[in-house]
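Taking it in order: structure first as structure tokens, then the write-up.
Just so it is clear, A, B, C, D and E label the chains in written order, and each chain counts residues from 1 on its own.
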Amino acid sequence: MKSTRTVQKILGYYETDNPGVKGNLCRMLMHGRLGGTGKMIILPVDQGFEHGPARSFAPNPPAYDPHYHYQIAIDAGLNAYAAPLGMLEAGADTFAGQIPTILKVNSSNSLVPGAAPFSQAITSGVDDALRLGCAAIGFTIYPGSSVALDMFEEISAMREEAAAKGVATVIWSYPRGEDLSKAGETAIDVGAYAAQIAALLGAHIIKIKLSTDHLEQGEAKKAYEKAGIDVSTQAARVRHCMDAAFAGRRIVVFSGGAAKGADAVYDDARAIRDGGGNGSIIGRNTFQRSRDDAMAMLDKLVDIYKGRA
Amino acid sequence: MKSTRTVQKILGYYETDNPGVKGNLCRMLMHGRLGGTGKMIILPVDQGFEHGPARSFAPNPPAYDPHYHYQIAIDAGLNAYAAPLGMLEAGADTFAGQIPTILKVNSSNSLVPGAAPFSQAITSGVDDALRLGCAAIGFTIYPGSSVALDMFEEISAMREEAAAKGVATVIWSYPRGEDLSKAGETAIDVGAYAAQIAALLGAHIIKIKLSTDHLEQGEAKKAYEKAGIDVSTQAARVRHCMDAAFAGRRIVVFSGGAAKGADAVYDDARAIRDGGGNGSIIGRNTFQRSRDDAMAMLDKLVDIYKGRA
Amino acid sequence: MKSTRTVQKILGYYETDNPGVKGNLCRMLMHGRLGGTGKMIILPVDQGFEHGPARSFAPNPPAYDPHYHYQIAIDAGLNAYAAPLGMLEAGADTFAGQIPTILKVNSSNSLVPGAAPFSQAITSGVDDALRLGCAAIGFTIYPGSSVALDMFEEISAMREEAAAKGVATVIWSYPRGEDLSKAGETAIDVGAYAAQIAALLGAHIIKIKLSTDHLEQGEAKKAYEKAGIDVSTQAARVRHCMDAAFAGRRIVVFSGGAAKGADAVYDDARAIRDGGGNGSIIGRNTFQRSRDDAMAMLDKLVDIYKGRA
Amino acid sequence: MKSTRTVQKILGYYETDNPGVKGNLCRMLMHGRLGGTGKMIILPVDQGFEHGPARSFAPNPPAYDPHYHYQIAIDAGLNAYAAPLGMLEAGADTFAGQIPTILKVNSSNSLVPGAAPFSQAITSGVDDALRLGCAAIGFTIYPGSSVALDMFEEISAMREEAAAKGVATVIWSYPRGEDLSKAGETAIDVGAYAAQIAALLGAHIIKIKLSTDHLEQGEAKKAYEKAGIDVSTQAARVRHCMDAAFAGRRIVVFSGGAAKGADAVYDDARAIRDGGGNGSIIGRNTFQRSRDDAMAMLDKLVDIYKGRA
Amino acid sequence: MKSTRTVQKILGYYETDNPGVKGNLCRMLMHGRLGGTGKMIILPVDQGFEHGPARSFAPNPPAYDPHYHYQIAIDAGLNAYAAPLGMLEAGADTFAGQIPTILKVNSSNSLVPGAAPFSQAITSGVDDALRLGCAAIGFTIYPGSSVALDMFEEISAMREEAAAKGVATVIWSYPRGEDLSKAGETAIDVGAYAAQIAALLGAHIIKIKLSTDHLEQGEAKKAYEKAGIDVSTQAARVRHCMDAAFAGRRIVVFSGGAAKGADAVYDDARAIRDGGGNGSIIGRNTFQRSRDDAMAMLDKLVDIYKGRA
């Protein structure tokens, strides 16, 4: 496919990456109904690992089937589908070549004891990604955790291997840690910091949460106030996070969190769009609705990112 | 892209291949103007290595520039572009993600002394293919050469590595050897045998030459006569070669050889189509014409493969 | 399946082999209509490589399709199916678990120039066998060739790797060489010698040709005459070859060569049975007949090995 | 470039290093407006990692863009630019060959919980440095931390690999630890000790902070008093640190810490110059000012190091 | 150093190379008196290996000393100095950082028996180049030799390793072989072919000889005549070779061969300049003259490449 000028510009930001990585970024950016716009919607399905199957799939039982998610990502014209090893193993042959996939290589789960440090297990690798034909690997870091430095070292090594083999890296940068308040996990200072760390670790695509206007760190609060950074609206906060991602030189997609009303989902997307973000990574709000509702929602999200809604 | 039923059927033939290889086959089969039809036109540009630059590019000087070939393959909507390392290095970044590429990993040249056995040098590898974002590697074998067994061992090892990493393998199966007559190189018995050997070596895509009705080997001649195999027309010979490629379970593309009149090129394509072949791999007949002529010819070839001309 | 006393006895001969290898031998010995009898019929299909597709498959065109051979081996209740990489790749998924398979890891072809030494190319490996779920690898040696020592070293290394990984080894021991007369290739002294070499190289199953009563080597002739070895009947020659295979401690199957009349095939099988051989490996006499004829022949062969015909 | 006598003398101190390392030291010493003087100004931009993006870049928003820093280092004629992986990846191609770079291979961050030991994560390696064309790697150690010995082992291994491959090593030696008072982190006895440890670990360039006249360790205090070491002025303390760096046989650059008034920055530089230090490594005082102010300041610093201001 | 627009354009041609390789190309292109012009003069001293010391150095005895060549390359402001391992070992420390160097990793010699195929010995490697601080490795191929395919495989492997580690590759492409006439070694068709092969093998800098208007290969002759390629003047032949080097996308330097009159050297340089070549690689014509004469000649060559003479 001839890539658009918009996509070419984005690819140009990845100036030291080899054509293998760029080709995979291009595949994701050119795929689906948002193909060529520089915007993306990614379907992530790792909640079965993170929260357990019932909490994840019982609201919409067809979603227990791994094929369901491949099919919805294809039918809705999304840019990519992300999942842990087992989910991809269960559908990668049937849907080979039909949708770019992201192998989520580490995962946590809600059976971990409360006293354990915030961490994740590495459950697959770059060779799995090649074998399964994935465009990228996905890796979660928990900036703020007492084991965050270990996680950074893990993803640095995997990212080096992946990039050499032409596979892109998506970092889920989710602040979580022993000293971080619940509000702090989505504080704007912490969210922007999370984006910055992912960029510095060499992420090609950065996934962060939408932030609140809370400021968690004392020194940061002073800096925000002194510099008069506008964090009053969601769009302003998205824009601030894009700045933290090398002044927009890295693709950033935003996750929406738990299932919520459709209008709230649309408002989030409009804020991402207006703030210059690259798009949404939207799991539970998709697969916990019926297929019809999910398709309608994704249809509307595409319209929003195209500036039509 | 949603793959078509036709492409799904072809992918189904590669039943033991991993989703990485299938995805790359799918990319090639779904790309360009023949995308989804199960037919392919591939542009190969290794003649600068094989015959030298003047014999290859002087008839159409813009073709000295590696970007020229990328551009024509993209603009004409071909399925893939194949070339040796240096040619791809000189354009892979500019055209990343815009056209599936095949890294030709071995090459011969016409400066080799006459007394040397028929062979080729391996000039790049699977890791180069990953780094350059290639969908496949391409490898020439010379069945009939005194070093053919060595070449088979080389490609077997590279094919194993490539397939494990999700990269497809295209084998150029070109009979050539100390005991083979010039007519024998394109004899139908030898051509079908060449297709069979490539299939047995695990090729995902087989590239052979169009054959004549000459029968080279005595034992084969008897078998053809006894079985009453029809090799009287080009289409019949193509059909026979498809049989030799696991009864059509492997993709076979046919090369046209030296530049010739446009009508001859079209007749070849019609014979390939009518005999059930998968398409053309067409180099000199493309780039030794002016760009306008080449584009018109490729346009017509697309029409032929679509059954419209 | 519970293995029979007969099979247990045979497995007992492989006393230093690990349970992985023994399990695979057991799978082959217990599979199909001869399962448990200690007798075997194996279908080998590597003639497309050795003689070319037309000479191999044109007499019975459905045989161009790799699935055809899997299906006949399953439907006829044979013990195993042997073929080169490409043939297995094209059916191993469809027929996974339905018939023990032997990956033929080296192959020759009849396009090789006459001046080249008698050799074969290694075209797959032990890891391919594991990946494809094969019970054994198969390897041809040419005792008598100027490169025979190299071939012995190759199979020794592959056999070591295979056995360590629980994969059995079948050696096709086919005398052929610069100093060997045509008659010598099937001479009884040479045939017995070939069986001995395969046994000494560690073959778990030995495949040799049926012999004539010709004696090729002068020193051997003297020894045969002095010891009064009976080589006057085919059964006697089979018995002599079993002696050469560690006094029957190794499984030996006999190949029938080119297609011939059904009665000749049955006579061969009776001789193998009466001489204490383990069975037949029968390719062209199977797939160059129509499926109905082949099924009838295989049915009768089963009866012969069961002592009923 | 012909290196000056001053630079030759400095290179002579690295008497066991190979020409690769010396060449890279030479490149840094000969580059820019201080090239040839034996003095250096290095721009380090790792504060986005250490303190977060808003605290680092909000005071001068163009600094969010990685290109900004490359450009200022080049335009101001500095000797080198140091940054973590992501920052270099985002500009190394555009600015290839235009400014020596130092890959900061480990980093900490201020989201780490308070109870965690003082440490950093290794986020890139020597092969990254080669690939990105860096003259050196940079590594922070925290003498005083409970994990300092681990950090020493990490940098020792990386330094060995780097030096073998011709890449120089810069050690950021920053005292920090469970038993160290805040004042102790910049105490002169501790600072000189930090310089000594870096030299002993094989650093080619040592980066330490400017010290106060505080003496932290009891035994050290006695030694200083007994020997009558002058630590009353900044220049005297710089001279004392140079003594601790093998009597000046190792290059030492001094960091200025948080942004402060221009005059204070100039005074620091004069003290470094007068005390025989090799120069400044100056980050926030550069990029937290407007580009014009930063350029003016760097201009003046060059003059100071040249003895003109 | 800020690279010029001309150099930036040339670096842009190396679009898939990492910043390490580009940085080293930039170092060579920006170094010396031709720095920034896109033109280069390189001093190669491998004739002691190729022809023996007396034939090489006796005409100017100070040239026996390795330091002599480093010094002249530096004093004359050349772009780079190329030599085998021993020559660089004997001076790399003294001159570290003062002149980009090229490690000539293979070499032939005139003691080789006449019946031996045209080849060279690999006498150093990429790690040596890193250790010695070299900007590039240099490798000779003999297109036309019966062992040319082996040489291509050797340089392909070394080039891959070098490029991954940020070291550029210079290929000396010198046609020589069993079937090549003496005149054919410098024939224009063969010379252009040699440039093409080096480019296809991934050379960053191509070194070929100046050609004559002789046409060696029959098929090529026809192509030249049909296309009406002008090879009547040296400048036209240089231009034709630049076309063969990916339409000028690769740097090509031309060697002058044996020592000859100064005017002939100047005429060569003017032809290289006028034909769009990148410069001269000039050994014997430098070091077989007295230092004063050599310096005067190099001075004039710089003027010629700057368009002033």
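One rule holds in what follows: a contact is a pair of C-beta atoms (placed from the backbone, for glycine too) under 8 Å apart; a residue touches a chain by one contact, two chains touch by 3 or more.
Please read these numbers as outputs of a predicted model, since none were measured by experiment.
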Third chains touching both chain E and chain C: B
Interface residue identity across copies chain A, chain B - same or different by half: same
Angle, in degrees to the nearest 5, of the Cα rotation that carries chain B onto chain E: 70
Chain separated most widely from chain E, comparing mean CA positions: C
Most distant chain from chain A by Cα centroid: C
Separation of mean Cα positions, chain D and chain A [Å, integer]: 36
Inter-centroid spacing, chain D versus chain C (mean Cα positions, whole Å): 72
Averaged-CA centre spacing for the pair chain E and chain D, given as whole angstrom: 40
Junction residues of chain C, two or more chains touched: none
Touch-based graph of the chains, sorted into line, ring, star, complete or other: other
Pairs of chains in contact (touch as defined earlier), listed by label: A-B, A-D, A-E, B-C, B-E, D-E
Chain C-touching residues of chain B, taken from the complex the two chains share: 13-17, 143-146, 148-150, 152-153, 156, 160, 175, 177-180, 189-190, 192-193, 195-197, 199-203, 217, 219-220, 223-224, 226-227, 229, 240, 243-244, 246-247, 249-250
Interface residues, chain A side, partner chain B - complex: 1-3, 11, 18-27, 30-31, 74, 92-93, 96-98, 127, 130-134, 164-166
Contacting residues of chain E [partner chain A, same complex]: 16, 18-19
Touching residues on chain C, where the partner in the complex is chain B: 48-49, 51-55, 57-59, 61, 64-66, 84-94, 107-116, 119-125, 127-128, 131-132
